[in-house]
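Have a look at this one before I ask anything.
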Amino acid sequence: MDQNLLLTYLLLTPIIGSVLVLFFKQEQKQLIRWFGLAISLIAFVISLIIYFGFDQTNSQFQFIHQVTWIKSLNISYHVGVDGISLLLVLLTTFLTPLTLLSTWKAIEKNVKMFTFSMLFLEVGMLGVFISLDIFLFYIFWEAMLIPMYFIIGIWGGERKIYAAVKFFIFTMFGSLLMLVAIIWLAVYASSLLGHFTTNLIELYKVGPTIPHEIQSWMFGAFFLSFAIKVPLFPLHTWLPDAHVEAPTAGSVILAGVLLKMGTYGLIRFCLPLFPQSAVNFAPVISVLAVIGIIYGALVSMVQTDMKKLVAYSSVSHLGFVVLGIFAMTVESVQGAVIQMVNHGLSTGALFLLVGVLYERTHHREISFYGGIAKLVPLYSTVLMIAMLSSIGLPGLNGFIGEFLILIGSFKSAVLNSWWFTIFAASGVIFAAVYMLWMYQRVVFGEVKNEELKHELTDMNLREMIVIVPIFIFIIWIGVYPSTFLKLTEASTQSILQQVGSYTINLFK
Amino acid sequence: MNVQIILFIVLASVAAITSVAMITRKNPVICAVFLVLNFFSLAGLYLLLNAQFIAVVQVIVYAGAIMVLFLFVLMLLNTETEHKLFADKRAIKFFAILISAFVFVQVAYLIFHGSPSRTLTPDEAASVKAGTIQAIGEQLYTNYIIPFEVAGFLLLAATIGAMVLAKKKFE
Amino acid sequence: MSLIPMEYYLILSAFMFCVGVAGVLIRRNAIVVFMCIELMLNSANLTLVTFSSYLGNSIGQVFVFFVMTVAAAEAAVGLAIIIAIFRNKKTVNIDEINIFKW
Amino acid sequence: MINLIYLTTLLPLLGFLINGLFGRKIKNEKVIGLIGSATIGISFLIVLGAFIQTLGLPIEERSNTVNLFPWLNVGGLQIKFAYLVDQLSLTMSLIVTGVGFLIHVYSIGYMRGDKGFWRFFAYLNLFIFAMMNLVLGDNFVVLFLGWEGVGLCSYLLIGFWYDRKFEKGTTSQAAKKAFVVNRIGDFGFLLGMFLIFMTFDSLNFKEVFARAASFPVAESTFGLIALFLFIGATGKSAQIPLFVWLPDAMAGPTPVSALIHAATMVTAGVYMVSRASIIFASAPVIMTVVAVVGLLTALMAASIGLVQNDIKKVLAYSTVSQLGYMFLAAGVGAFSASIFHVMTHAFFKALLFLGAGSVIHGMYDEQNIQKYGGLKKYMPKTFLTFFIATLAISGVPGLSGFFSKDEILWSAYANGGFVFWLIGAITAMLTAFYMFRLVSLTFYGKERFDHHNVHPHESPALMTVPLIILAVLSVVGGYIGLPKVFFGEHGNLFEGWLEPIYAPAMNKLSLYGEHTHLEEILLMTVSVAAALSAIFFALHVYRKNPQIAENISNKFKGFYNLLLNKYFVDEAYEAAVVQPIQKGSEKFLWKIFDVKFIDGIVNGVASLVENSSGVIRKIQTGIAQSYALIMMAGIALVLLWLILSL
């Protein structure tokens, strides 16, 4: 088997799977579910093969596969991974089967379409992470909007249409600006290189030579698109709505992977393509990130809806990631990458667990619950672990990411001020407040609602199968993060070198 | 006056008149009949142009099959006749006719301006040869074999589609 | 054939096309509108045949053949749609079929 | 044995996993209790072995590092998961595992029949795991792992009876409060770590402290680091201003209060300060801050302790007060004295709590001392041990508390000044008073409980044996640190043992001005006399003439209420911090800023587009013909353009 074709196989698996799903009968729900699960597991296995074949010491893109697509414009199907994208590919292929499994009972309406959408979504997400052609990237970036729109719009809650449209328009708005910037960039490249190109590796050499003023605009266009996706304060308001209305699986994928596409974009495009502007704007962006951290935590604290609480906590967590990226030290960027995975795992787990409750009682308000520790001890324990991971308890994954980001930003030469870290670290306090408060009101105390006694049952085997793999990684990252840090180290270094070589020297 | 010219004048005026008649008659069945007439005159024009095969196909497929289908549907639905062509939305309809006329004038101007006959020297023999069923068949089964097959599939899909759409209800 | 300048054929074709357009624009009966479209297709066919004949090249006529195929398919499906609409709306008056509006 | 030190954390972790995962299935309390206690017992033996082995080594080789695995390797940050086995960590480990083991054994009896028995032991084992990481960690990050870990266990154990009411709220509220307040401290600790990393480019203890002694670093930097670290310590060790969580932490089961909130976890802050002694010693201003904060905490907590009626609350405030002593010691540069007090305090305070637990156990969960009285004859063993511990904490000569407290008071005088000593001595007097008030009200006097429903009884041997062992330790524990004034340099074995740890710090501080032995003996006599008089006064008032106490409290009604309500600190925090943040977040940030402002802009843009398109949409009739007409007009225009451009 040709190694370089592996990524294409990875991409093809869910494509073929999603087409095949259409041939099932609508009534064969169980069969469709198993089929979707099997396809996503195959994708996971392929990504594992890629992981084991990956050379961790090499900072270049690997498993490159390039086929000319639109010859006249030099656009090609060009895929490849480095450590950062591979980690996120693994996260995607890891979470997709779990979310599919989690919807076994929750989705009864139009299972066929749902499975199709999920697999299609996986294609989009994988494509975003492995594209090395900026045009191809854009196509996947947009393509993944469609299934997500349907997942929220069809299987969502009461205000699903509002949420879906809001999600769509917010994201679309940013990405249109990005499209303009992409075209401009390709045209500029043609004036410089003599041929039109959208090849990312070539553009890495082009981007930094753009005149300063124009580069700021290009950076702004890319950044806005990614910042909306992240979402960075104050562009975050689509997130709570989308999360609350989306079905559990949608929330998990949304939080777990989709938001990472924004931060991934920042690392892959904003930093190396426009290093000068990135350094210039870093303090401003970091201020927004820090505001996001505190703001997200404070607003999260007073939510009455569990899903909304977790959604706002995402704003806070992603603020850490953005801060880490724009602090531009090895520690902080590595921390940011790890934190992306962490957030995917722990927030994913929290959404899954809120989903478990919702499936049984159809209530998400915190005030409805109380004292469920007595009724569902296993669930309470599991929720506790997910919560602890989210608030960054040492020994679990969240700590590693936050610690690296904070320590990196503290000594960052780009930010050059302690205040970022000091304010960001206060988010650690608030995280404990909102999570523990929620936990206390939901889990502890006397059983508040008689209904709960009839409706609530403890985690079943299927739900444990979904949650346990996530926990394994939560602990793994917390105890032995080297496995993951090593994977991204070379790539992080090379991106920062790219930035550093065009601006101040960040590596003294 | 050559026979060809006479034939052309006759057929062309029939085609023009029937087309105008078709869009102005109130009763759809009459419209359909005029359209058939139009198709026949077109077939004659094709013959004048040495396109024998196409002329025959025009008669069989268009005037025969397709128009019968139209008439059949007209009978089936038995829709009422439009009482007055300009009963409502008169401004819009006049505007529509005006636009169409304007476009015609423009196209006519362009045709005369370009006057392709000045650059093209017609070759009678080649023209006759091109119109034969043999020449067309040769093209269809060699260079255009894939579009030809696809067209076959298209017809199949259309057949099934029409059946599904026209059926009363999905079972 | 050579006695007649090809412009005449083209003018006839343009005339028929514009009549067809006018018909599409002013008629209300969906079936008649549909027939007008057929008229427009035929005018296009006439152009193709004219050029094919004057160039002494059969490809134009091959295209006409394809156009006819498509026209046939289109007629079948289109009429079926009209029947379906008629069944639902009890009319083929396109003034009353304004589902393009959201 | 030193190389096996990792077992001391691994075993409790194993115990936690076994009890935590299978405890529900095992059901048998004996098995669960055995697993829980044995893991700690074996750990203790290993620590003891390591201790003996270390004693055999020459002084320069007594500090050993045990590397386990690389933890965080990113860029310049190289953090190993490693344990540092030296004099200080061994001392702390011995206390943690030793006292921990006794409390585990005690808990088997105390928690008997509780439906969360397995959970309790799982949490306790987890706690020991975290605490051992805290004291053994060879760098700040491992220390922080344990630091947060013990906080978590504290949270879990305070809220152990999650469905019970506690005071005005629930136990889980108390648990949350403890965790959050601790987190505020952790925030400081984190920043301290970052600053250390930035200044010294390492987080490893040995490297950092070596560089702190040699690097030319500004005093202000040291001050900032020390201040941040101290904020962390105030959180964990319940000092002003973050002490508020500890009294509420009494919502947990009594063995928890003994283990976590008296003997071990709360002393983590003291341990950390004393571990980073060189950094504190380099920042004299912060040293004074530490001493003053410790002193004020000691005095304030002792004064609150005077009027509390909940047996555990009295002990809790007493703990806060004693912790203040430890910080006073650290602040005046007597680091070894502070650790000495950590040790003796661990013995007698654990004993007091366990004794209190025994009383509560025998009184059917009644905690109000006003409803006790005359329990001496019902629980002789508990009384005896409790009484010994009370003597020890009151600083009666000959018992452990005397030696450590005396050393602290002398250091306060010698390095701080007379005022430090005076306040310290007053606090000691207050301590003696409220402790004997507690003893009198509980064990002497009239029996004030309801005889029909309450039948006081002695606890089983499983509970009393640990009490007796601790009582013995409370008596003899002090003799490893005899005052130098009487026994010379070699008398204080404890200080000699820890001396190498603090040598760099001592080099920086120029301590011990000229003081005569006479001064020391004089001061000692005064403070002992004060304590003894307080004891007799307390016994006199509460054993024989309770009305005197009533008269006094009536006379100073305002002050009495102030003390009874703990200076209204909780209420002040609630009004000044908690409410504004909560209300501000809800009313302003969420409901106005997020929903009205940001979403308002978003929705405003949307409705602007919608309204303007509402005008434009009139063109869109939905009728295909009109679209076709427009299209045609477009074609006409295109053609026109074409013709005109010919």
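When the chains are written out, they are named A, B, C and D in that same order, and each has its own residue count from 1.
The working rule: a residue touches a chain if its C-beta (ideal position, glycine included) is under 8 Å from a C-beta of that chain, and two chains touch if they have at least 3 such contacts.
All values reported here derive from a predicted model rather than from experimental measurement.
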According to the touch definition, list the chains common to the neighbour sets of chain A and chain B. D
Which pair, A-D or C-D, has more C-beta contacts? A-D
Select the chain whose centre, defined as the mean of its C-alpha atoms, is least distant from the mean of all protein C-alpha atoms. A
Per the centroid of Cα atoms for each chain, what is the distance between chain A and chain D, given in Å? 37
If you average the Cα atoms of chain C and of chain D to get two centres, how far apart are those centres in Å? 88
Mind checking the centre-to-centre distance between chain B and chain D? Centres are C-alpha means, answer in whole Å. 94
Here the gap between chain A and chain C, centre to centre from mean Cα coordinates and rounded to Å, is 52
Where does chain D touch two or more other chains at once, residue-wise? 629, 632
Among the residues of chain A, which ones contact at least 2 other chains? none
Which residues of chain C are in contact with two or more other chains? 21, 25
What are all the touching pairs of chains? A-D, B-C, B-D, C-D
Which bits of chain C are touching chain D when the two form their complex? 21, 24-25, 33, 94-95, 97-101
Of all residues in chain D, those that touch chain A in their complex: 24, 69-77, 141, 144-145, 147-149, 152, 155, 159, 162-163, 170-173, 175-176, 179-180, 183-184, 186-187, 190-191, 193-195, 197-198, 581-582, 584-586, 589-590, 594, 598-599, 602, 606
Which of the residues in chain C end up touching chain B in this complex? 1-12, 14-23, 25-29, 31-32, 34-36, 38-39, 42, 45-46, 49-59, 61-62, 64-66, 68-77, 79-84, 86-87, 91-92
What does chain B use to touch chain D in their complex? 92, 95-96, 99-100, 102-103, 106-107, 109-110, 113
Touching chain D in the complex: which residues of chain A? 166, 169-170, 234, 236-238, 295, 298-299, 301-303, 329-331, 334-335, 371, 373-374, 377, 388, 393-395, 399-400, 403-404, 406-408, 410-411, 418, 421-422, 425-426, 428-429, 432-433, 436-437, 440, 443-446, 479-482, 485-486, 489
